[in-house]
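In this document, chain identifiers A, B, C and D correspond to the written order of the chains, with residue numbering beginning at 1 in each.
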Amino acid sequence: MMRRILSRLANPQLLALVGVLLINWLLFPNFFRITWQDGRLFGSLIDVLNRGAPVAILAIGMAGVIATKGVDLSVGAIMAVAGAVAATLVVAGYPAPVAVAAALAVGLLCGLWNGFLVAVLDIQPIIATLVLMVAGRGIAQLITEGFIVTFTDPVLIFIGTGSFLGLPMAAVIALVLMILVTLLVRRTAIGLFIEAVGVNRAAASLAGIRSRMLLFLVYGLSGLCAAVAGIIVAGDIRGADANNAGLWLELDAILAVVIGGTSLLGGRFSVPLAVVGALIIQAMNTGILVSGFPPEFNLIVKAGLIFLVLIIQSPLATRIVPVRVPASEARK
Amino acid sequence: MPDEEFALEARGIIKIFGNHVALDNVNFGLRAGEVHALLGENGAGKSTLIKILTGAYQPTTGQVLADGVPVALDNPQQAQKYGIGTVYQEVNLLPNRSVAENLFLGHQPTRFGFVDRRKMERDSREVLKRYGLDLDPSSELGTHSVAVQQIVAIARAVELSGKVLILDEPTASLDRNEVERLFEIIRDLKARGLAIVFITHFLDQVFAVSDRVTILRNGKLIETRDLTGTTRTDVVRLMLGKDVAFSGATGVEDARPMGEVLLDFRNYGKKRSVHPFNLTIHKGEVIGVAGLLGSGRTEMARIMFGADAADEGTLDVSGKKATIARPTDAIAKGFGFCPEDRKAEGIFGDLSVRENIVIALQGKLGWFSALNRDEQLEIAGRFGESMDIRAASLDMPIKLLSGGNQQKVILSRWLATDPAFLILDEPTRGIDVGAHAEIVRTINRLRDEGLALVVISSELDEVVAYSTRIVVMRDREMVAELSGENINPGVIVQAIANHREGPAA
Amino acid sequence: QDISGKVIGFSQIGSESGWRAAETSVTRQQAEERGVDLKFADAQQKQENQIKAIRGFIAQGVDAILVAPVVATGWDDVLAEAKEAEIPVVLLDRGVDAPEDLYLTSVASDQIEEGRVAGQWLVDDVAGADCNVVELQGTVGSTPAINRKQGFEEAIAGASNIKITQSQTGDFTRAKGKEVMEAFLKSSNNGADICAVYAHNDDMAVGAIQAIKDAGLKPGTDIKVVSIDAVPDIFTAIAAGEANATVELTPNMAGPAFDALAAFWADGTEPEKFIITDSKLYTAADDPQGEYDRRKDLGY
Amino acid sequence: MSRSLRPLVATAVIFAIAYALAVMQFPSMFSTRVLGNFLTDNAFLGITAVGMTFVILSGGIDLSVGAVIGFTGVLIAVLISWAGWHPLAAFTMALAVAAAFGGIMGLAIHYLQVPAFIVTLAGMFLARGGASVITRDSVPVNHEFYTWISELIIRLPGGGRLSFIGLLMVAIFILGALVAHRTKFGSYVYALGGNPVSASLMGVPVAQTTVLVYMLSSILAALAGIVFSLYTSAGYPLAAVGVELDAISAVVIGGTLLTGGYGFVLGTFIGVMLLGLVQTYIIFDGTLSSWWTKIVIGALLFLFIVLQRLIFAASAKGEKAS
């Protein structure tokens, strides 16, 4: 048992995360300093959790999509739509729970639309979700009519900036979602079916798996996760910024999932490792910010990190240093 | 004969996958102008040895020599340079490209640096004619049947082989005529001095064309010997390391008491696919399906299982009307289906053996009553044992298993669902003698346990051995139903060949 | 000076910020007031789309073209084409690096001046006291980011007491502004070492204000906030004492443009080549609540 | 008709119908001016899309092309305006750098066995970042060579112009089609997209082909960058953001399967023209607000894909019946 836990901790993703954090610490000695302030924890490490949460939440949904050999480019736009819906509703005087529920429902609907294109019309996922990626942001702007819809609703603001047991609410939500989704896919047969569909859809259908329903489920879940992230981001800045909310975050989410060891060719996937992937990306972003790096170098550092993580993970490296195959270990 | 010069030779080959030794110090020499059969059970390491000889894999240790000179074969391309042409075990061509391009890929005739398509297609037509195929070389390979694809693969390998031709189970999806034609070509090439490696599980074919035989067992070289003066029993004994009686060939048995009617297909069919057919299947019955390649057997099986939905006729299951529009409907009624194309429709390559076994059962149980890992292991372990699945671990990806073991896994997958009716499409294709006998035994056992089975097979001896009735397909139409005395190869061949006036239904 | 019935094409950059949305809606308003048939094309932040739009307008035979150029360079060919087709072109809110005879006039603010006004305010406000400034830049490489940085640096060049200690890009967005400010606070002794934040636009400033509050400090007092654009939300913050100053960039660039066109068509009056809009400074002394009310319906 | 030709025909038919409808509403859309603009304005996208077609045919994807266009533009501008190089020398340099860049991505994809999506995403960050490190400004290019090229136009009756870059795009499409459909390299690309394992066992030089495909894509992206620099007479690090998505859309609308192995270079040409048509239509309409523009583009994208599906499905049925 103990050994299993230990060997699970010794996977490349966690090692990479630790590596990035250590580099941050070298560049910025106060990186690990955490203080207690106004009933919440405060420090760069907490920022990593807080700022990493939206991408982590996107990655939770994206992992399932990628495991079915798909990809969801629309999540950034769905974030904007969900934020816009929630913000306009509270501004129009609806109670926050209604606004949140409506935003989640809209996100789910967007996801199901993607599922419909992929599962029923059989359109390739990149293109199917590209439709909503382009149109979604327009829909969000249509809802906000181009304004940044600022609100003062305490519930929405709490979702974005509050804290629970000293931890940022966004991180808590991400954690809870991660656990729920992991349980959903691993305690039921859904995870196995997702992988089966991703590996061989023809065989899956002959083995009696309803792959269409499953695709609806994963894209729906991805849309729902995007909506959660969208509400958080809106709550964080107390406003729905339809132009910029979630802009290009789909790429970060895909990256997180891939860093988490899920192949873009479908098959084995791990939700918790996708979250770790998101944290790696955020740890690096935060590191650049606190260490005072000139902004022109941000992208280059990011590219370097991707290569590093991928080289660590590549079959070539596993041949030299035998590390555990991450995905199979992540399974219960 | 240590210093004999071989056209192609493998010396002291060891190949280790992870911690599994697939080949253990194997020596293998090929003389020019011989047909050399490479035999062994499923998983013995035949395909692995071939892949090393052709540069697809690198040996862990050991050497490959061409004409006595050590050569480094880093990829299949280099092997082609040495005049080695290969048909790998699974059909490994490009379904998205034209037949002509599949034949000539990498060696296309060119004019002014551009591929000369017209010449390529003309040449293709000629090459294919030698195999009795008359088809449009510019058509997509994927639109043709597996058999045609297999022939194209063979033709390609023959075209490429200046010196050595390697055939890894080339006959698995060929019918008799095509096999005969292949043998003619093999004899012809042999006369021209080519060295030919021939892997098959059909011992008849081994004795029909081969000069020498090398036998592998569990990755070890057992023996290489001349085939003259060797009997089948010798070969089987060497392969298995023990004597076995081939339990299938029971011949005509007394009519068995039939169970009650399980399925009743009435005018069942699908337009443009399978003519409406009538078939009643009882519990405890094996219906053999015979027919030429492309006669529509697979299509019939798919319609029965709902993989393609029937659009006419009715079906009664246990006396009650039933509609089967998709596989889940069929599975709910207790059907199971082992498809013909294992790789494309059967296995989940990256998933473990365990998951491959439990997946259909889990599909039947639905999303929310998941089998936990222990239950999965128990089920997989049970079938692993009873079906004698050879895998280093139940948690290894199934794609690493040999073909025969993969087939056993798929069979186990359906047995785990406790089916009432099983459709097996070519269940013994590409399977060694031992596994073959085992599958035939399993079919008999299942029948005795009261299952109903439909088994499609191109091997008449085999069909005759276990069927209680045989239906014959021709041109996508069920043309005959044979039972009792009529279950013998002679009558079946007649039924397949005859036009219209086949033996009475 | 009636220009009603004229067809005028407007190639807008996009709708990447509230300010730009306001510019679009003000332009539409102005067009409607004057009875102009406005053809609007959104370029989604891409120069190539703007060039396409201008070519499209030419092919359609519009009477005049307004362009808010996304970058300064690369307009020679397409403007020459418009000139050849005898269609006057007016540049809005940014200039271009092209021969001046290729366009009728340019209505724009002076972005360097905006940065200078903001910097001068800070110089005056701290009045000689030491002040470490953190800077939230706009999108890396964008013209306003470069110019506003340059203007600010020019203004504080003379004041050795004012230093920019950290500078990062906040991409002109609230979310990034907040995230970057959080990091600045962490690396400046929880904000104790920061005296002021200079944001290249108000949106980032709004984000930064929230970050400062989250860190337990008082924006506007503990850390001064100065930014550019004068969008409604910053006036709310100024009114609440959470922001100190903003420099106005008016969204009404189209009004002067239409006026110039009207005069040009009426009697061929060549307008001034550069019509510079005001870069007015607003602080708590300028009735922030009133400014907010005046702007809140402009489509920011 | 061969099965794989069908999506191509479908796209062509859709384009013809869509164009006809647009002309009915705005007769001035049928003019040599608009047709000439189609070529000139989409030249860089078209050239990029040719490279993308090869990449997608081989079963990969290249997200770095937009960034390579931006990087190339900056590199050229800096070499010409700051270092005083002759434009042709700068072009050669840019193409060489791009070739190396694409080659390295290809090597990483093949030898590290990392999905192309991720490697080229890293490539995109690298190229975009590299461009901003060289300069943050938009650097103008003022060289008589540029003026000379921009004056190389064939004037058509009715105010239309065939520009050098527009014709260059057409030439690249023709060359691309020849390479894809008539050379061994082309057949290797299709083979790779069909099934890389089979391809390798059939003796396709997989490593070499992969590297060459990404090299080709980067080189063509750099050529597109050169065209872009001629088009705008400047280099700007943020130029051509998101062009990769336009290129992918064009390729897919043109009937090439993203899974690889099926498709035509000519289809991509029609795909590019279709995207151009949509944009031109929206400009001519001139009433759409920013958000409606996005929504309409998304809806049209959806419409084209679905129409193509329907035509494809209908003709597939027709075949079985015969």
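A few notes on this one:
What we mean here is this: a residue touches a chain if its C-beta (ideal position, glycine included) is under 8 Å from a C-beta of that chain, and two chains touch if they have at least 3 such contacts.
A quick note: this is a predicted structure, and the numbers were derived from the prediction, not measured.
Between chain A and chain C, the least number of touching-chain steps is 1. Chain centre most remote from that of chain B: C (centre = mean of CA atoms). By count of C-beta pairs in contact, A-D exceeds the other of the chain pairs A-B and A-D. Separating the centre of chain A from that of chain B, both taken as means of CA atoms, is a distance of 44 Å.
If you average the Cα atoms of chain C and of chain D, the two centres end up 33 Å apart.
In this assembly, the C-alpha centroid of chain B lies 71 Å from the C-alpha centroid of chain C. Counting only residues that touch two or more partner chains, chain A has 141, 146, 296, 298. Shared contact sites, meaning residues of chain D that touch two or more other chains, fall at 132, 136, 289-291, 293-294. Taken residue by residue, chain B touches two or more other chains at no position, since every residue touches fewer. Going by the touch rule set out above, the chain pairs that meet are A-B, A-C, A-D, B-D, C-D. Put simply, chain D touches chain C in their complex at residues 26, 28-29, 31, 33-34, 37, 40-41, 44-45, 132, 135-140, 150, 159, 228, 231-234, 236-242, 276, 279-280, 282-284, 286-291, 293-294. Looking at the complex, you find that chain A touches chain B at residues 187-190, 192-193, 195-196, 199-200, 202-210, 267-268, 328, 332.
By the touch rule above, chain D contacts chain A in their complex via residues 61, 108, 111-115, 117-119, 121-126, 128-130, 132-133, 136, 245, 248-249, 252, 257-259, 289-299, 301-302, 305-306, 309. Against chain D, the residues of chain C that register as touching in their complex are 9, 12, 14-15, 21, 24, 38-42, 44-49, 51-53, 55-61, 71-77, 85, 97, 139-143, 145-146. Residues of chain B touching chain A in their complex: 305, 307, 326-328, 330-331, 337, 339, 344-352, 355, 359-360, 362-371, 373, 395, 413.
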